[in-house]
Structure formats: C-alpha cells, structure tokens
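Structure first, then comments.
Chain nomenclature is as follows: A, B, C and D, assigned in order of appearance, with residue numbering initiated at 1 for each chain independently.
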Amino acid sequence: MSPARLSVVGNEAVGPYALLRLRRGALEPGVPGQFFMLRPPGRLLPRPMSLCLAPVGELGFLVDPIGPGTRALTALEPGDEVDVLGPLGNGFRLDPERPLLVGGGIGVAPFPYLSERLGCPPALLGFRTADHAEAAALVPNAEVVLEPTLVTDALAPGFDVLACGPEPMLTAVSRLAPGAQLAWEAPMACGFGACYGCAVEVDGRMARLCVEGPVISARAEMTTEGGVALSVAACSSGRALARRGGGR
Amino acid sequence: MSPARLSVVGNEAVGPYALLRLRRGALEPGVPGQFFMLRPPGRLLPRPMSLCLAPVGELGFLVDPIGPGTRALTALEPGDEVDVLGPLGNGFRLDPERPLLVGGGIGVAPFPYLSERLGCPPALLGFRTADHAEAAALVPNAEVVLEPTLVTDALAPGFDVLACGPEPMLTAVSRLAPGAQLAWEAPMACGFGACYGCAVEVDGRMARLCVEGPVISARAEMTTEGGVALSVAACSSGRALARRGGGR
Amino acid sequence: MILNASGCLDALTAPEVAREFDAFVTKTVTPLQREGNAPVRIAETDVGMLNSIGLANPGIDTFLADVLPRLLDLGPPVWVSVGGFAAAEYADLCARLERTDAAAIELNLSCPNVAAPEDEATAIVAAARAATGKPLFAKLSPALPDLPAVALAAAAAGADGLALVNTIRGLALDPATLRPRLGTAAGGLSGPALRPVALAAVHTCFRATGLPIVGMGGVETGAHALELIAAGASAVALGTVLFADPGAAARVREELAGEARQRGFADPLAARGVAHADLDGAPPGPVVRVADGARKRSAQVGLKV
Amino acid sequence: MILNASGCLDALTAPEVAREFDAFVTKTVTPLQREGNAPVRIAETDVGMLNSIGLANPGIDTFLADVLPRLLDLGPPVWVSVGGFAAAEYADLCARLERTDAAAIELNLSCPNVAAPEDEATAIVAAARAATGKPLFAKLSPALPDLPAVALAAAAAGADGLALVNTIRGLALDPATLRPRLGTAAGGLSGPALRPVALAAVHTCFRATGLPIVGMGGVETGAHALELIAAGASAVALGTVLFADPGAAARVREELAGEARQRGFADPLAARGVAHADLDGAPPGPVVRVADGARKRSAQVGLKV
C-alpha cells in the first residue's frame, strides 16, 4: 500500500478555493464521500481531501487554503507531482429515495462527484460570502444561501439529507433531519487507521474517523469536543461520530 | 550588522566548480583572502566563501559542491537572492616582494582577486584532475600540476608564498616556505566570532579562525586535529592556526 | 531488519502494510482498557509531528482474547509493547504474554513517573525478567539526564535489548489563537526533529551496553536507517514516516541495501557500529560483554549482538 | 524584551550586534579557564545545528579582570551565565559577581551530573541564593523526566526566574564515512528542532512556578517569539538564528510587535500566558503565587511576573 505519484493537470481558483486536478493514474475514484491523503510538498504529513470531481482520467479536489498544508496544495502547478493515497474511509450510501445535498463552505467539496453519481439531486449550499459561493457553480441544481442566512433556515422537510460542512452545521442538520448522512472531519495523520489521531468520542468511546467514517448516518449519543451531547440518527454501523470542535 | 540580500547575476560551471556571481550592492569586496558568509537557500547556517572575483558592481565566488550547503549555492539561478555577510576575517598582506600564489583544488578560490590586486604574480596550482584544473583559467600566469605531482614538488625557492588549499598541502608548503602566508579552513557557523565553532588549536590554546584568520603567516607550535605537531612560520599576530584534519 | 514503531501502525486495519515488516510491534498494551486523550490528538509542526494519543488500547484482556490471535495470523513475528504505572503491572503483563506466541516483549519505559529513572528501570525490567523467558526490549525516552546509565541499569536487570527512542515532549500553538493545538497541550514529538536525538541515544547506549538496539526516530530513508545502524542499531523501526508513506518498509529496505553497498558493506548490518571505529581502521572502543542469556534471546528474534 | 542566548554572541567581537539587545548574556563562565573541546565543534543537520564548544571561557578571574569591564562599557545590562560542577562552585562564582555591576546571574544548570536533578537544582540554587542578592535565573535542560518538578525545586530554593531551554543531545554522522561529524561525537542540538520542545518547557514551567521566564529555542521570527510569550515567557532569547542573521534582534523585535498588534494585543507582553487561557475567555488556570523577593528582583531587570 504505497501512495501513487500523480501529476498535476491543472489548479484553478474557484472563489477563495483552488480546484486541483490530478492525472488519475491507476487510482480508483471510489465512492463519493471517501477521501484521499495528499502530501503537500515540503510537509511531513499528508492531508485528507474529499474527492470533488472525477472526470475521465482525472481526480479533482477542491482545496481551502487555511494552513501550511492546504496552501502548499493550492500552490501546485501543472507538471508538479504529488503523492496520493486512496480512496479511503466510508463514503455516502447512494440509495436514498429523495436525496438533498446540504453543505456549507468547503464542505461542498464532495458534492460535485456525489451529485453526478446521484443524478443531480437538489442541493442547498451555505457560504460566508459571495466569493466563497463561487464554489456552488460546481454543484448542479444548487440553491445558495449566504450568511447570516443558514442552510438550516432554508431546509425543507421530507428529504434524505446528505450533508457535509462545519460541525455546528452538521449538528443542526442532524437535529432537523434525523436520518441524515453526515460527513465529518477530524485532523488526520495517516487516513488508514494507523495513528489513532482522528479519534472522536462516540457513546463515551473513541472511534477512528478514518476507519469508521468520515460519512456516518447515526443515531447515538455523540459528544463533541465542546462537551455538547446531542442525539443523532443511528448509523448503519450503529454509531455516531463527532468531528473536533472549533470549526473554521 | 545584518546580511545584505544580493541577487544572483550568473552561476556558471568551471570544471566541477561553479562561479557564482552576485550583484555587489553596498558590500565592499575587502582584502583578498577575506571571506563572506553566504546563506544557501533552505539551510540553517551560512557558509564561508572566499571572494574569488571582484568585477565592478559584482562579487564572484567559486563554489565546490561537496555537501548540502555548497550544492544549494551551485543550484542558484540568475534572479535568485542570497543573504551575504562580509567581508570578514583577515586577508592576505599585499606587501610581499616576490609573490607566488600556491594553491590546490578549491583552494584556488581567492587567487583570481588576489592575483589582480598583486599585479598578476606567478601562480602554482595543483589539481586532482584535468576537469578540476579548469579553474586555473581564472588565475593569470598559472602553472598547473596534476596529481600525482604535487605543488610542493614544483615549488621553487626564493618566493614570498601566499597559499590556500587542503591542510596537508598547507602543512607541506609551510615547511618549504617558512615565511608563507597561509589561508586555512575550519567549519564555521557564524564567521564573526560569536559561536566559537571555528576554534583550532594553536600553541596549546584554542583560537577562533574567523577572528584571527583565515590568513595566517605564522611560526608557532601548531597541532592539527590528527595530533601532528609541526612548526610553521611566525605570523604577524605571533600565532599559527590549524584547520581541521581530514581534508577533502 | 525493519520493524514498525509501536503505535504507528494497526496491523489489523492495514495488514498489507504490516506484512512488509520483518516483525510487527503492537501499540502499547496496558493492564486496563484506555480510551486515550481527548481530541485534538495530532498536529504537524515544521520539524516533526506531535501526538497525544494517550496509549489508547483495549487492555490486556481484550488484547489477548481478540487482537493477538488475529495479529499472529498475519504472518510476521509479533512483538508486544506493554506499559504500566508500576513494576508489578509490567510483571503481570509479561506473565500473561508468557503463554502466547508473541515473539518478544517491548517494555515501554518512556514515561517514568519518578525522579530516579535508573531505579525505575531496574525495578520494572527485573520484575518483567522474573515473569518471562521471552526476549525483553526496554524502550527508553532520550530525555533523561543520564541515558546510558538508565540503559545500563536495564541491561543489568535483564533486558535483552533496547528500543531507542521514544518521543520527546513538545508543544505547538495555533498561530491565530495562540492556544495549544493538542487537547492535552503538550504531546510527544516524533519525526525529523528526533533524528539527531535518536542517533545520539543509540550511539551512547551501544557504547554503554553492547546490547542489540532497535533504532528509531525520524527515519525516512535508507540513508537514515544506515546511520542508526552505524551508530549501533541492529534493527530499525519506522514510525511517523508510515503516515505519509505506508509503503516505506519495502522502500527503506531497498534503499538501505543500496546505501550499504555503495559504501562497500556486504550487507547493511556489516555497518553496525562503524561510527565507533576510528577512520584509520582501528576497531571501535572496548565492546561491552553481553550476558549469554541476552545474546541467546536476541538471536531468537534475529538480532545479533 | 529580547536577549541573546548564552554562548551565541561575543559582544566584544561584535559590539554593534550586542547593542541591539535589551540585555546581553555572556557565554557561561566557569571557575577555571576552559579551552573547550577539540574540533570539529559544529555541524548543521536538517533540523538544527549541533555544537560541542565545551564551555570555552577564560575562567572567572580573567573574566572579572579583563572581560566584564569591557562588556559593561558597551551599554546594555550584562547578565552573566555561570557554570560549575558543584553547588559550592556556583556559590563562589556568584559571590565573586556580587560586587560587580552585572545585572543578573544565569545559573547554567543544564548539565547535571547526578541522577536526581531536583536535588541538584535545589542545592545549586540555594547555594547561589545565599551568595548573592542579584536576580538569579536558573537555566534548565528540557531533557528531564520531570521538568516542572525541577523548575519548582529551583523556585523554592530561591531562583527569581527561569531560562528555558538549553540544547538537547544530538549526533550527526558524515554521510560518506558514517563517522560522527563532531570531535566529541554527540553535541547539543539547537535551532528549529528545539522549537516545540521549548514551547512545551515554557508552558509547563510557567504553569508550575509562575516565575518570569526567558524563553529560547529555535526562535527565528517574531511569530516564534510571540508563541513563547503566549506559552508564558516574559523575555525571549536568540541563539542559533544569530549565526545566519546577526541583525535578528532588531528584526524579531519589529516582527514581534507586528504579530502582537495583528492579534489585538496592545504590546507583545500582553500576550504573556494566553496559551493557558480558555478560548471562551476564561482566565488561565490557577496562577502560582510568586515570592515577593523574586518579584522584586525580576522587576529590577525589567521582567514582569
């Protein structure tokens, strides 16, 4: 199990984000919601990135440059090479009857590929600014809300929600849509179960998000870092996971 | 006392060496035999380099790529910038009556500038291979010997020797030409007396080569790293210094 | 011989990675189950990574019942790392492992809670020695005022080898908030920053004890591995590098062979200890006599003295 | 407040560099003259530098007669770093400095030779305290099993502040010959690798003692300095960075002011200890009460408690 060295095909700005396109090589795109570990040049550890787009022969990632690793990824240029491992973790179940994609900020990253695989279901996307909202152009059938309006303000009942976004959003969504599939985040060093770094507390026990997530549809007693206990839908594996608090 | 950021004008191969030319900025070239600290990109510590050439508006260095620092210097390209501190240390006295430059390998580095300042005196240069000997083209009036012939095999008496080269050569030269001015080397972290890293043993006492050297014309009891004690000519400051053993 | 560093690989979730090692070392097992520390548990810095996993493990009961049998099924010999808070706990853990097919036991002595690490090492290793006939490796922290003294104490108490080094304490702040990035504030620093520290530890402990040493700390390449061997290691373990390159075992093994050949060594282990030899060819300084038991038990797991 | 790290600047050969500091710290002075170690004494690695200078210094007699008067003439306050092998030597060195204009004394406690660093620190600091009324800073190695305990012992014995951290042991091999690059084999590792180690040390010792701390270890930028202050430092010292950038004091001071402003702090010291405060604004954990004498003497050299 070695990372593949993929070459950069393109890296274009999408609002404040960058759409990094890599030649796919022998890697499979996997299921939407699965992720890949990308090693930014000059950094010790790889960074988890959801697959955003899977055009023929390519893998596309939407990167939010928030720290040294993501900034190094957004600085890659065509012809550069990057080590990529994946697909990893558990993606979304693709069997919902009335799918609705609900996401916020860089949480929309997995939606273009997810939307394609689900036949372009409706999507409800929240962003901080109009600039950030440029990413919505990657998602077909999207309705966009901007802060101070929140996706939860606009969420209609009766859908099978597939959500990805900052923790407070996921928490709020899980209250309104108890059957939702949620894609969580946690800092990850390895992405394949080796380091126990991505452990989050679920039902008073620690579970590795990279092994049991990142997509969870759960109804369990989940405790976030801030200590807020809430009840979310029971997941296939019977557990729920919380990503670390703080949010970005 | 801050290093100046100089931009690279050119960096051309001279045999296995590289001639790195920098825009001089506000720096003085100093006296031949003095040195500058150049900080290779990506490295923690700067590296000492003798000034090789001082064309108008430029400083030129001849670099032997033997390790990470010197390799990074030889990889610099026109337009790159490099932090430079100097001139530092004590150079050659320029008052000898019958000067002869004696050098070996990368030890020829200070000679082009020295030769210019002394009016192109004769030079005797030793190299390992014909490829290395390409550096002799930078020194006017040079006679070249290749291994197995050594400069000391060809050294005629009656000259005021100014020498720079590997330690065994300097040691041998100082035996044949007791009045010689010798330019020694030692690993240096700072070049301005701060770290005590460049200390070498002289007369049973440790002295900082960057402060009291690198050029010494000495007659004193000098102990090299290998423990060989030898007598070399007394220097103006009444001391002699040995550079670290091993040699390259 | 290339091992993984304890806590840096779960052979059950990544069996194909584990099978590339000559032996597999478990995450440290403690008497009782431990959930580990609250998140965030990892952070990258410019010189290494910090972790505050907190010895998360299922405890010895579940480990023996559920985990070890599956690990043994994978193929490579299994070294079990054990940790506790008192000598009696280590002894008990070793006694429980005695009847298993574990190939060796690594005593994680890296978090001593007392002011005299020599005494602590002596007590723990002696208790463990009394409890097991398996090869015993003492894993030490490099952050000790007198590391070789602790290594000697472990050797005298019956350790058959050493595992060097564990992480050292470090902390990183979030640049924006200036708050610690890890939930526990400080954590263990591993990776590149440890490289010179590990070399110093292996060098001094080899000289002091002559015991076989599993060297680790920031190894990323075959050249790094060869340096640890030259300093005195008989085996090399890979930790942090596995997170970026799970295939590192095979790569490092190949690079190591090439680096050794290039320097004229018949095989990598022929370079063991050369850092102690004078350049003029004089042999390394006095080699400490290693007890016959330690010699024999180390050989069992393929480590030469 | 920005100082140089002991041993990283000779104010007499580079007075214009020294004058950029708020106070100048001398290289450690010992009772007798020391030539230092045989070359090679320095080596760069990928994560820091190694040195084995070996406390080269002229000895206290020559220091008092020839060096100190010239240092005092330079302008900035002079802190004298002292080192010895027994408490009585430290006491004697402090007594000799008592009648000078040295602003403060740094006790270099970083090479303890005994197994119980707490006892050693207590003995040395107590002896020094009895010998001088000058502000006393205990400089500690981070490589101790229980650093805060040693810091507390130093505080209890009368230290007015701490200097954290000294180097940790490292070793580098020549890649071609696989022999140690330093003449002494191992040496002290400084620079970037120390950054997380220094942050952890300052963080834990601030919490344990509340004493003013001179933080150091790999500081290259104002952001690094601000992190040490956030962890608990009242002043920051520059070491290895000076070798590449002798003008670092002025640069770091300016960057530090900018970094603090950018995060909404009126001045850099307003950020002192914020790493200990909860993000929701709750104040940092229990602040240890600092003795009046320590408070007063630290204030003398401009360090707030």
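Here is the rule we use: a contact is a pair of C-beta atoms (placed from the backbone, for glycine too) under 8 Å apart; a residue touches a chain by one contact, two chains touch by 3 or more.
Predicted model only: the values in this text are computed from it and were never measured.
Between chain A and chain D, the least number of touching-chain steps is 2. Grouping of the remaining chains in the absence of chain B, by touch, is one piece. At the far end from chain C, in terms of centres built from Cα atoms, lies B. Between chain B and chain D the centroid-to-centroid distance comes to 35 Å (mean Cα coordinates, whole Å). Here the CA centre of chain C is 32 Å from the CA centre of chain D. With centres defined as mean CA coordinates, chain B is found 58 Å away from chain A. Multi-chain contact residues of chain C (touching two or more other chains): 48, 192, 279. Interchain contacts link the chains end to end along an open line, per the touch definition above. Per the contact rule defined earlier, chains pair up in contact as A-C, B-D, C-D. Chain A contributes residues 1-3, 39, 43-46, 68-69, 83, 85, 186-190, 192-201, 205-206, 211, 225, 244 to its touches with chain C in the complex. Against chain D, in their complex, chain C makes its touches with residues 45-48, 50, 112-118, 141-147, 149, 168-173, 175-180, 185-186, 189, 192-193, 195-197, 199-201, 203-204, 223, 226-227, 230-231, 263, 271, 274-275, 277, 279. On chain C, the positions that touch chain A within their shared complex are 7-10, 13-14, 16-17, 27, 35-36, 38-44, 48-49, 51, 53, 56, 183, 191-192, 240, 242-247, 250-251.
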